[in-house]
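These are the structures, in structure tokens.
In the two complexes below, chain A is the common chain; its partner is chain B in one and chain C in the other.
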Partner chain A sequence: MTRAAVIAAIVWLELLRRKDIYVLLILLGALLAGLVSLNVFGLGGATAYVKDIGLLLAWLFGWILAVSATARELPQEETRGTIFSLLAKPLRRAELLAGKWLGCWSIVAAAALAFYAIVAAVALAKGAGFDAVALAQGFVLHLCALGVICALALCCSTRLNADAAAALTYVVSAACLLLAPRLPHLAAYASGFRFTALLALYHALPHFDLFDMRRRLVHDLGPLPWPVFGAVAAYGIVLTALFLLLAWTAYRRKRFSRGALGA
Partner chain B sequence: MEPALETRELSVTFPSPAGPVRALDRVSLRVEPGQVFGFLGPNGAGKTTTMHVLLGFVQATAGEARVLGVDVRRAIARQRIGYLAEHPETYRFLTGRELLRLTGRLFRLRGAALRARVADVLAEVGLDNAAADRRIAAYSRGMLQRIGLAQALINDPDLLILDEPTGGLDPIGRLAIRRLIGRLRERGKTVFFSSHELSEVELVCDTAAILAGGCIVAQGPLRALARPGESLERCFMRVVGAPEEPA
Partner chain C sequence: MRPCRSTTAPADRRRLLASGLWPWLAAGGLWLLAFAISCRIGSAAVESAAPDSGSVAGRMLGGARAAFGAHFFEVADLYFHRGVEHRRRQALTNDLFLALARVVSPPEHVHRSGSSVREIMPWLWLAVRANPRDVEACLVAAYWLARDLRRPDLALETLREARIDNPTTHRIPLEQARILLRLGQWDEALRSLDVGLALWPGGEDPNSEDALLDKRNLLLHRSLLLESRSQTAAAMADLQEILRLFPDSPALRRRVAELAAGSDPRESALKVLHKLLDEEVRSRVSAEHEESSPPQDDSVVSAPLNTVTNVN
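Right, the complex of A and B next:
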């Protein structure tokens, strides 16, 4: 087991014992069960809405879990003082960051798998199936998005406290998901410098919308062509690596001196 | 012989709103292998800062520091070091045994060797199996100190750095720490520890350095530090420039 894997194991034990994941799993199951059994909106015969709302909740809960779990990992090491005993070991800061990211992403991925399993089970119970290949592709691209979000949250938390890092990650990732796809439309109504700036922003922002296959899954549009799927997955890996590199740049020389002047 | 720990002209300056604060000013120390070295000084003298530089938490502004012949800025320098912080905080959601296993893995210990080492250090610090399998959140102050010591010893370190190891402990806990340091000395280990407890230092140390205002003001064998007939406490007060007690 590498040192990064040891750090990831500590993250797993912490998150499993803090029980946030179980709460989200129970909430997702309860919401979907309620949706199916109560025949909300009089849509008893329709099935697409179960898949739509189920996948939306899986994305929403995965996003919440990824940001809340990752953003507090580094700051809480400092506030509780455990960073000192950790860095007193032959552990490179790059290994610490890699371990934190790996631990957070892998447990969020496991939770996402459980979310998808619940959604698929409820949809099947309602008589709505998923294209297996498309569902697998959608899940993998969702994992790519979660990897980018975990890396972004980790990057923010190298220099901010847990609350600030989480807030910034929520704002940036939500803006990227909701605003970035609309920037070309806004640019169409702009000219000169504003046009250039909006297009530059469009290309610079991470495009979380590329990882989102919910519409294809809900409307049974089938799987993505494999070259497209591979390109989007590679885009996710590159973005994750970029944010981890930024995190390492910010963290590698960070000074830890709690109480140093007072002792 | 190469020193176990050596600093040369080590200086650390911290930025602050009121201007730069010089926490360490050209600190030069030399600790030989097998020594039990006391690192003394009043509050704010720079003891913890020195330890933090030795462990790579703080980068020196000037000068150099080496432990066991390796530059402290390299992670590998900490392969043969054990460290106990002043307030040994750890992962309270783990059991003591889990903490030691995971810590051992950071030193690349595996399988039977790791299990044996965990059992050894638990016995060394006096934690029984029931305590080891309990969550650390349920530990008392003394047990926290013991599990902190156990994780510092998991790699069988050649150099042990202890920051106020007896702070907040009852007399039984202090005696246990003294005995442990004695056993480490017998095995040829080097112990570098800071303390306010001058009586503790007199009991366990061969050599000491006294730090005041970020500078080393006295360093040498314990017997040579004090003048004939002078106690270590009086010597400490004299060299740090503390006001004399009225007769």
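Right, the complex of A and C next:
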């Protein structure tokens, strides 16, 4: 566990050096400042759109950061050849994977916390607050979703180069977020094999929509019942564990050759 | 400064080329070009949807702006229903994931009302800004400003700006007249109704149901206003024009007959006018509730005529 934490700390240092997070934070602040300055029919008082777009940007930037940070970690080690010196140390591959995931997820979580803080501050400045409990629940479920995305990206990157892993993770996670909730509707107009296939896909894909509490937060619908919140959080933890297990399965006996995954 | 710039520019270009950035810039440029061309194709296909063709942005992104405007209008509708989408047929009804999703995002059909309607206004504002030729978005924005937000001044200002971008439609003067009538500004309302009738059908098919209903409303409002001013002959002419469009209106026939018989119409006309305006609001609200039905069903069509019947 200590060795995984050391790997996570190295990931932190590397990602902080890259400055992606600062760029996204500045972009979020600038976009929200632009939104707040809109003069809507000279009316004033509307705040839900600031919360909505702010949270949407927090989700979007968190997603981009999670995929781009995680998908390049392992291929980068292999391309540079540092994987050989890493694995020459008393470090198991499972610990390497756990450390990489922990580092990426924790830094993305920290960035998401900063995103939420900016959105909440801007909404407050505009005269609208969030329900504190609902916001905390929304943030925790968002972290669950980011954990799943990081694990998925790590899983893809065990066998693909950085670009391919990132592209595959973007496609799968976007499909899960946008397409999966629509599948029961599409299945209503299908029959026979197509009907079965759509429903099978619906149950097989991760349901990222369950982690998305933006509607509750934007339209002030209050916090989730705690049993439901717990069930959704547990679902996220199980999915994360599943993808990490798949990643370990794909990585534990992988043979390396210098420059094999050169991007 | 000039010599300095001329010496550093080639160096910058060389650095740019050496850094391998140029293929990305070229790809971005080509994508932008392709996007602009596709937008122009879209604008040409739907000429009426192409807004602000005078500006460079309008010329490049005309069709895209119309699409953005339509999207913002849909988001405004979503906000009006507190984020609940219109019901869709589902293959599953008793599934665990669906059940959880329903708790996370409750699907109950609710409407915003009163001052909370202001939350939809930013999206309507964006819809109008993205596509100033979207008359429907302008009318909806003005309607909510005047009704629930009680800002008829802003509604009239919105319609005034909309008329600049849509000078040929009769629908904007009709909405202006409705607001002015509610404010009791009879002269301005009459002028708007005259403008609306002069512009009708405003580029629409004159035989379409919507166009005919708009003309009926313009004539009915004007006839009642004229009747209240004892201009009986002009009022009767408008009512007869409505009868020509909608011959199966016994209530209107009776009213024309009463006017021809010389009954004093002054008080009853204003009463009818107020009832008519209230009825129009009620019919719009019921149209919002009955989303599966078309906006102008039979009950809505006959409502103002029934009002005339009931009052008389």
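We take it that the second predicted complex is superposed on the first by the 250 of 263 C-alpha atoms of A that agree within 3 Å, B and C clash if a C-alpha of one lies under 4 Å from a C-alpha of the other, contacts with A are read in each partner's own complex, and residues count from 1 in each chain.
Keep in mind that, in the parts below, a residue touches a chain if its C-beta (ideal position, glycine included) is under 8 Å from a C-beta of that chain, and two chains touch if they have at least 3 such contacts.
Keep in mind it's a predicted model, so treat the numbers as computed, not measured.
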Discussion item. What does the overlay on chain A give for chain B and chain C, a clash or a fit?
Written reply: fit
Worksheet item: After superposition on the shared chain, which partner residues are touched by A:H203: those of chain B (first), chain C (second), both, or neither?
Response: second
Worksheet item: Does the superposition put A:D212 against chain B (first), chain C (second), both, or neither?
Response: second
Worksheet item: Taking C-alpha centres, what angle do chain B and chain C open up at chain A, rounded to the nearest 10 degrees?
Response: 150
Worksheet item: Between chain B (first) and chain C (second), which does A:A9 come into contact with in this model arrangement: first, second, both, or neither?
Response: first
Discussion item. Contacts for A:Y22 in the overlay, against chain B (first) and chain C (second): which applies, first, second, both or neither?
Written reply: neither
Discussion item. Taking the superposition on A as described, I'd like to know which of chain B and chain C A:K89 touches: first, second, both or neither.
Written reply: first
Worksheet item: For A:W226, is the partner it touches chain B (first), chain C (second), both, or none of the two (neither)?
Response: neither
Discussion item. Just to confirm the geometry: in the superposition, how small does the C-alpha gap between chain B and chain C get, in angstrom?
Written reply: 19
Worksheet item: Which positions of chain A touch chain C when the two form their complex?
Response: 38, 40-43, 45-49, 181, 184-185, 187-190, 195, 198-199, 202-203, 207, 209-210, 212-213, 215-216, 218-219, 221, 224-225, 228, 231-232
Worksheet item: How about chain B: which of its residues touch chain A in the complex?
Response: 14, 21, 23, 43-45, 47-49, 52, 55-59, 75-79, 81, 83, 85-91, 93-94, 98, 102-103, 105-107, 148, 151, 161, 163-164, 194
Discussion item. Going by the contact rule set out above, which residues of chain A touch chain B in the complex?
Written reply: 1, 3, 6, 9-10, 13-14, 17-18, 80-85, 87-92, 253, 255-257, 259-263
Item to complete: Enumerate the contact residues on chain C facing chain A in the complex.
Response: 79, 82-83, 88-92, 95, 97-98, 100-101, 103-106, 115, 118-119, 121-123, 125, 141, 145, 149, 151, 154, 157-158
